[in-house]
Each structure stands twice: as C-alpha cells, then as structure tokens.
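Got a structure here, written out as structure tokens. Questions coming.
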Amino acid sequence: MQVRLTDRIFDPQAETAAFTAGRDDAGALVSFVGTCRAATDGGAVEELRIDHYPGFTEKEITRLAQEISRRFDCPDLLVVHRVGRIRPGEAIVLVAALSVHRAKAFEAVKLLMDYLKTDAPLWKKESGPDGARWIEPRDEDHARRIAAEKGWV
Amino acid sequence: MQVRLTDRIFDPQAETAAFTAGRDDAGALVSFVGTCRAATDGGAVEELRIDHYPGFTEKEITRLAQEISRRFDCPDLLVVHRVGRIRPGEAIVLVAALSVHRAKAFEAVKLLMDYLKTDAPLWKKESGPDGARWIEPRDEDHARRIAAEKGWV
Amino acid sequence: MIRLVFLGKFGDVAPAGLAEISLPGGVRTLGDLQSWLARQQPLLGRAMAATRTRLIVNQCVAHDLSCPVADGDEIAFLPPMSGG
Amino acid sequence: MIRLVFLGKFGDVAPAGLAEISLPGGVRTLGDLQSWLARQQPLLGRAMAATRTRLIVNQCVAHDLSCPVADGDEIAFLPPMSGG
C-alpha cells in the first residue's frame, strides 16, 4: 500500500503505470482520478487550495486505506493526493487498486473515495472571480459515507 | 464515445491520457484495465488468444457502450479491447469514463465491464503447459449481468 | 455461394472448406442449414448442440431459426462469449 | 509553550500570533482552552461554534473536551473535511 501527499503537479497515468509495472499476477486495475474543474456549481474556478495538517493527514489517509485494504482483501492500493495550490485541469487525487478479480477492486476504490471525501484531513478552498469559499462535504457525501460504514454498498 | 479493437499491444495509461487530454470540465475519471495474468484458476498461462467477428464485434460493443452511456448520462466513454494473441502482463481491455461526478462514472465502467464479460462477441482461449481451453463466462458473470439488466446494481 | 463463419470453439472443429460453400439443396432457413451442418460435420453439430449457439445473418442477430437463408448471405455461428 | 494549529476556514480567522503561546493561566483541559480562545478571539470562537470542530492533541484524535492540556502540547482545530 502506498499513500503519498504532494504539493507538485503529478501525472496520474505515470503514477498508475509505475504502480502496475511488472505485475502479471493481478488481472484487474481500477483507478479513479479527480481533477480540478474549471467551473463548479459555485461558479468559475481560478484556483483550488488544499490545506492539510502535516503528519496527521498522511497518518489518517493511511489508516483509511488500511481499513479498505483489509475489508476488500486488496493489499495493492495506491493513493496520491495533491495539497497546496492547484489550477483547473490538474489532478487532485488518484486512487488505484490492483486485484485478481475486478469486483473487489471496484469496491475498494469507490469506498476509499467516499472515505476521502468526508474523513481525510484535507480542506478545499475554491477561488474564482467572485472570491473564495471553503468547500464542505455535501449531504450526499455524508450519506454515502454512512452507507459505506454500514456495509450497505 | 470511442470503441476500438486492436491486435497490437496498447498502453492503457497512454490511451487514458489521450482520452482526458485538455479536459478541465469533467472532474471524475474512472478506469478499468484488465491484464493477461500469468496464472489463472486453470493453471499457468503462456498465451491468450481472443477471437472476434470483424465488423460485428465492434458494432455490438458500440451498442453496449451506447446503452451504458445513455443509462448513466455519461457520454465520455472509452473502450479499447485487444484481439488476437496476447502474452501475460499485456493489457486486454481498457474501459474509462469521464464525468462531472464520480458515482455515475463508477457505475458506467463497472456495468460496461459486466456487459463485456457476457455480451461482447469475443472468445478467449487460454494456452498453457497443459494445453489450451476456451473460456466461458462464469456463473457469477452471468448473475452480475442479469442483476445489471434489472437495475439491481 | 454462402459464407459461413465459425467463432471461438466452433472454429476448432469446423473444416476450413466450410468457409464458402454453395447453398446446399433443400436449405431454405437457418434451421435447415444447422441440420445440414450437423449431418455433414457431426463434431461441429455436437459442439453446437452442447452449448447455447447464437446465429448472426449478414451481421445482424437472427432471433429465429425460421429466418430464411439465401445465396450471398454470411452466416456466423457464435458460442457463448467471453470478453473483458 | 503550546502550539496551536488552525486548519481550513479556522486558519482564515486565527491570528498568526496564536501559533505558539504560553499555556494560559487556568487552562487545564481542551474545554478550558476552547473557552479561553473564544474569549480572546470572538471571530474564531464563533467559527468553531458554528460547525463541527474536531480537536487533535499531539497528532492523536481527542475524543473528549476533558482531555488534559500540558506545556509542550500541539493542539489542532479541524473544521469539517473536504478531501478527494
């Protein structure tokens, strides 16, 4: 399992290629890439800033990834998350799972994303022409997280 | 929507990078890559051969992808599928979906993979030290496909 | 002439000589053609009888064995699929 | 001295001078510290009261406001998270 925070632009495809290099034992790779959009419901986005709490954030994301890894018997997980200032079009987060069969890999990536949305110690602030605003998890993110916790999904 | 069959080795990460290049309007990319394993339940694999029916196979996969695209309001779908002779470690299939929000992209990729397993006109033959055998969909693949059809998932 | 295409495991038991043949006498439907094939090629007939076989006529799915077969047609025989 | 870390929107209203302070007189628990902060910095106090605030002591989650605060501690104040 690999968990990494970075304040630099990263290439999710290159990260994924490195993660899977030489692996002919696991047939299924599922990956999710979240990218900074140029516009959201809140309007145009010029910049996204992601705050983190050094040390604690890495520790917590690792804990969430370990929980998912155990639950889905999926040891090969990769999480790369940007922090700091991000421009539209840049990747924010990459979550990838490599598994023998695909069902577990899909579930692992999907739930780890649900966890990251609500439980990773990260704080997003969107800036646009109308000013800046902190993003909080949407109700649907919380609902999804609770469903995940209870094993409903 | 892009659907392509190829009898050459392809790089799923490069394909995905090309698919998403310049897109800062869709925040969520989900992708699945299926790779030829060096060993399966049937033993060691030296080579996989995938038969197709030229013209018909492309048409049918396109039809399946269009159905998924409509159902999940997810126009940006990419399918690349190998045919012919494949060695362990080589990518067999790439399915990717680009969407504004992640839930639909996850569902689109997952169900399109379920469809491909049972409904794409492709036929896999595994060769190993003990000879060759044609692969047929497993019961669980059919069950998943039926659940998908009925909207249970 | 009609063109016959045997996919997957059917291809293993179908002789190459079957790829292009004259429309056999008495064959007017897909059902007729399948019976004729089973008589000519018992191995192929058994392989088709042992599994779910889908028939495709001129690249379109045939839903019924009563579907007519005519000179110039391409008929494909598909065993269960295994993509992905 | 104690170190105070204000994350996310709390960082916008916490003065930089609060990052490192002497343990204020009478402050023995997290609850005491939070009350002291609300008195000193009403803006920050209101921001914390208006949302779910999690407290982290020396990088470990504090489950209770009765948790003690001692010289040398690092206390972080976390508003609701928004990762991914």
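When the chains are written out, they are named A, B, C and D in that same order, and each has its own residue count from 1.
Just so it is clear, a residue touches a chain if its C-beta (ideal position, glycine included) is under 8 Å from a C-beta of that chain, and two chains touch if they have at least 3 such contacts.
Worth saying up front: this structure is predicted, and the values here are computed from it rather than measured.
**Student:** Any chains in contact with both chain A and chain D?
**Tutor:** The common neighbours do not exist; no chain touches both.
**Student:** Return the chain whose centre of C-alpha atoms lies at maximal distance from the corresponding centre of chain A.
**Tutor:** C
**Student:** Using mean C-alpha positions as chain centres, tell me how far chain B is from chain D in Å, no decimals.
**Tutor:** That pair's centroid distance is 50 Å.
**Student:** For chain A and chain C, what's the span in angstrom between their mean Cα positions?
**Tutor:** 50
**Student:** For chain A versus chain B, what separation do you get between their C-alpha means, in angstrom?
**Tutor:** Computed value for the inter-centroid distance: 23 Å.
**Student:** I'd like to verify one number: the distance from the centre of chain C to the centre of chain D, where each centre is the average of its C-alpha atoms, in whole angstrom.
**Tutor:** Once rounded, the distance between the two centres reads 76 Å.
**Student:** Counting only residues that touch at least 2 other chains, which ones in chain B make the list?
**Tutor:** Correct list: 34, 113.
**Student:** Check the chains against each other and report every pair that touches.
**Tutor:** Contacting pairs: A-B, A-D, B-C.
**Student:** In the complex formed with chain B, which residues of chain A make contact?
**Tutor:** Residues 11-14, 16-17, 20, 22-39, 88-89, 100, 102-103, 105-106, 109-110, 113, 144 of chain A touch chain B in their complex.
**Student:** Would you pull the chain D residues touching chain A in the complex into a rising list?
**Tutor:** Residue positions touching the partner: 5, 7-9, 11-12, 51, 56, 59, 76, 78-84.
**Student:** With touch defined as at the start, can you tell me which chain A residues reach chain D in the complex?
**Tutor:** Its residues touching chain D are 34, 50-53, 55-56, 59, 61, 81, 92-93, 113, 116-125, 134-137.
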